[in-house]
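I've put the structures underneath this note.
Shared between the two complexes below is chain A, which has chain B as its partner in the first and chain C in the second.
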Partner chain A sequence: MAAQLRLSALAAAQYRVGFWTEGVLAVFWSLVGIVPLWVAIDHRGAVVGWGPWELMVLTGCFAALSSVFGAFLQPALIESMNHIRRGTLDHVLLRPADSLLLCLVAAFSPWRLLELVFGLVLIALSLARLGVTPELASVGVALGMGLASVACLYGLGILTLCLSFRAMQLQNLTYLFEALLDFSRWPIGVFRGLLKALFTFVIPLAVMTTYPAAALIGRADVTTLASALLTGAALLVVARLCWQVAVRGYTSASS
Partner chain B sequence: MSARHQLRALAALWRLGFAEASAYRVALFVWILTSTFPLISLALWAGIARDAPVGDFTQRDFVAYFVGAFLIRQLTSSWVVWDLERQIATGELSALLLRPIHPLLHHLMTNLAALPLRAALAAPLAIAVLVAAGGLQIAPSSLELLVLPLALVGAWLINFSVQLIIGSLAFWITSSSALYELWMTCYVVLSGYAVPTSLLPAGMTTAVRYLPFHAALGFPVELLIGRLSPAELLTGFAVQCCWVVALALAAGWTWRRGARVYGAVGA
Partner chain C sequence: MAEPAVQVEGLGKRFEVAERGAGLRAALRALVHRRVRVVEAVRELSFALAPGERVGLLGPNGAGKTTTLKILAGLLYPSRGQVRVAGFTPHLRKYEFLRSISLVMGHKRQLSWDLPAVDTFELNRVIYDIDASAYRRRLDDFVERLGLASIMFKPVRQLSLGERMKCELVAALLHEPSILFLDEPTLGMDVSMQLAIRAFVREYNEERGATIVLTSHYMQDVSALCPRILVINDGALRFDGTIEALTRTIRPLRRVSVRAESFPEDAALADWGRVIERAGDRLVLDVEPERVPEVVSRLVGLPDSRELLVREAPLEEVLRELFARPDDADEARP
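Moving on to the complex of A and B:
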């Protein structure tokens, strides 16, 4: 597995231009995406109880998550979907390691990690600006939230991958995923009714960015943490089960 | 080749494009779902405007605006960049160049042919959202409906030309689609796709209205929902016309220069 990751990293390092086309572009996108938030702040002063710098903490969390998605999950999904489409997934299934894990490290875009650095710096700056020095306990809660957030991301990613066994030509599912992820820039409170339920329980954008950011500014409690971790774990289990069913139904190029 | 042959070839290309679009219905549908971005923005801004209007936008204005943005985006987008980049990188373009039909005409027809299917898939979604949000209250005047197709054609031409320019850059550089992403990033914010441009700070709004982004989306949307005074309408058309001419000329020029380089490397 480590070998696979190293291979992908080496392949990416050959193309220095990726620094500009992937890294810098992603950071630029993170920055530009602030404009709608800024417009809302400009007219309202606060968005559902989140002040400007609190929203910047949220933006930092979003950038970090988006970086994990772009660097690890998205390239791996695209590569695995290509395997499925061409019927070359056999080569992966035959290897003496867990096939799902192998699929999840099939490719890697290290330049996108630049966005992670940007996100962390933004979080630190905004927290300093807010005058919040996170206590050890709230850092712990935030880390737990971060874990739940990544678990949700991967759970959803695996489910997307399972879908691509059923229908071909679904590379654009990952773009749909990316577009949806973009709404996790906003605190979950701006959504109402059906969409709020959708983004809390089905596609848990709330767990993915709002909760970690809330934890950092000391607004989350242990019950939220427990529910977030539970959501993440449940998604992973469901995704794992779906994967097993999907692989069983997979017919390769030769069979 | 006679004019009649040309027409028949164009009709064949149209059928090809239509068949391709309908063969990948699921892909097209997922693509449309991806572009429902304005509909989620709608929920978001309508939520923020629940208690009091944001700027001069009430909750209902947001509904009309974003449903309009969704529809107009569906009707004016194309995907030349990725096709052209692939064709240049793999050498597929050589085959296209040998045909008696200009390769650009090929792109034009295949892109246009997907529009009816796309409109058919997007319209029910837009209507459902309108019904769920309590109906549309703004009825555009007959003059506005009359000139709307013109604005749509202009917007489509701007998008197509920009894609052609950036796609043609693939003759020289390998990552032209990354450049397009840069363009799209600016587009999302400056065209009125993520937030109506009139809500930006006053000075910025004025400046943004002269950019091609706004001419390609914000202007037709505002025209559709009847937010433009006659004077603004005229300025809008003038700005749009200028961009169409400038970008189309630039696209033709990059394409010709690029095609020469392509031949020169012997592909």
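Moving on to the complex of A and C:
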């Protein structure tokens, strides 16, 4: 997996102009991402019990997750979907390594990691403004929540990839995925009715950003952590089973 | 007796293929109601290959050659039948199985398009867990034999088709597979590149004792490399044996060509054999095997007779005739 990731990183750095353009764009989008925050802080109103700087922590968590998605998962999904459509997944399946893991590191956009730095800095600044110094236990719970968050993200990503075995040209699904992920900028409490059900049971946005942020500001307990980890693990298991079924039905492409 | 390198019994593979008519109306209708047809890509295939054999898999387009290769390589699940390759069931894709085989496809590449080939070689070194010194030794050997030293560090997209295929072969062979599947490896290449690749594959087979299964539309590839051929048509085996045996079964006539100042009239030539070509100073005849000595002596006696050549019918023609026969014609059955 590390070797494939290294190759993907080499491919990302192969073209100088493209590489630096990506960098400039990444900085630009990270700065643009701050604008709504200034608006929120300016109003200083609480959103479903989350104060402005608590929302900032949530935004930091969102930026970190979005960074993982943009740097690792999204490019890998697009590349792997192209492999499936063109039949070049053959060469991935022929390698004596876990084909799913190879697919999940098939491509890499390093500049999107800037958002991770941005998110971590935002979390640190916001916690400082809140006067919160997370205890070791809270940091542990937050890290566990982060793990569950990434597990959910990858579980959903793998399920999307499995879909592309049956229906070609689903690259746009990854953009829909990104748009849905955007809802996790907000605490799960803001959603009502169908949207709440959707973002709790189908796309567990609460696990992905709300819980990690809550853990950092000392609002989550071990029970919440256990449920988050269970959700992440369950999604990964389901995704892995779907992958096995999908590969079994792989038809390659004609010569 | 050694276990066969490849053992196939009653193999079948069916696909569901979506179809639609031409035009916008059919395209719109297909968005709502999709018509699906079941295609039997492979019907009933049984054969066994001994370790170290070089075997050509021949057949027209859509005969089921590539599907068979992909099943043998573990990429496709068979719909029925039993397959064993290197002692493994391919579609389970066990680690040791994948380490013992390689599949090279002329129309697909494993090399990373934007990077130099050496980066993909390094990836394979790690994935196949090749010892660093063995990797260096094999890579140096392959690079020297294929003359790749000057292109190793060029991005793959800047390589010619032939150079790229040479690099594909290196990537496929670095882990020294005991079974090598080659699907149209010389597709689109010029003659000198075809010769280089054939020579390399033959050396690999002879030095490592590897089993080679080759599909190619270039009959020269097959006749130069494969003492044994399996002919598949419409997903079923039509012939299993040597090229000579196939030729003598399907087209027993010998092809005799000669150049001379003048030839007898057509009516007289018809008595010698069937005239295939008569143009200027060149004459080509198909002659019964037992009449070859007699006809040759007559041709030698022609004025300014030269360049006399007796050979079997070209494989392309033999196959064309085989495929034109009904499936139940039993003279070509193994």
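Miscellaneous remarks
Note that in this section the second predicted complex is superposed on the first by the 222 of 255 C-alpha atoms of A that agree within 3 Å, B and C clash if a C-alpha of one lies under 4 Å from a C-alpha of the other, contacts with A are read in each partner's own complex, and residues count from 1 in each chain.
The criterion applied here is as follows: contacts are C-beta pairs under 8 Å (C-beta built on N, C-alpha and C of every residue); 3 or more make two chains touch, one makes a residue touch a chain.
Computed from a prediction, not measured in an experiment: that's the story for all the values here.
In the superposed three-chain model, the partner touching more residues of chain A is B, compared with the other of chain B and chain C. By the touch criterion defined above, A:136 lies against neither chain B nor chain C after alignment on the C-alpha atoms of chain A.
Touch criterion met: A:93 reaches chain C, while chain B stays clear of it. In the superposition on chain A, A:248 contacts chain C only, with no contact to chain B.
Applying the stated contact rule after C-alpha superposition, one finds that A:7 touches chain C and leaves chain B untouched.
Those residues of chain A lying in contact with chain C across their complex are 2-4, 6-7, 10-11, 14-15, 86-88, 90-91, 93-97, 248-252, 254-255. Contact residues on chain B toward chain A in their complex (touch as defined above): 24, 26-27, 30-31, 33-35, 37, 40-41, 43-44, 47-48, 50, 54-55, 174-175, 178, 181-182, 185-186, 188-189, 194-195, 199-201. For chain C in complex with chain A, the residues that touch the partner chain are 15, 66, 70, 73-77, 91, 93, 95-96, 98-99, 101-103, 105, 107-110, 112, 114-115, 119-120, 122-124, 126-128, 155, 183-184. Touching chain B in their complex are the following residues of chain A: 17, 20-22, 25, 28-29, 32-33, 35-36, 39-40, 42-44, 47-48, 167, 169-170, 172-173, 175-176, 179, 182-183, 186, 190-192, 195.
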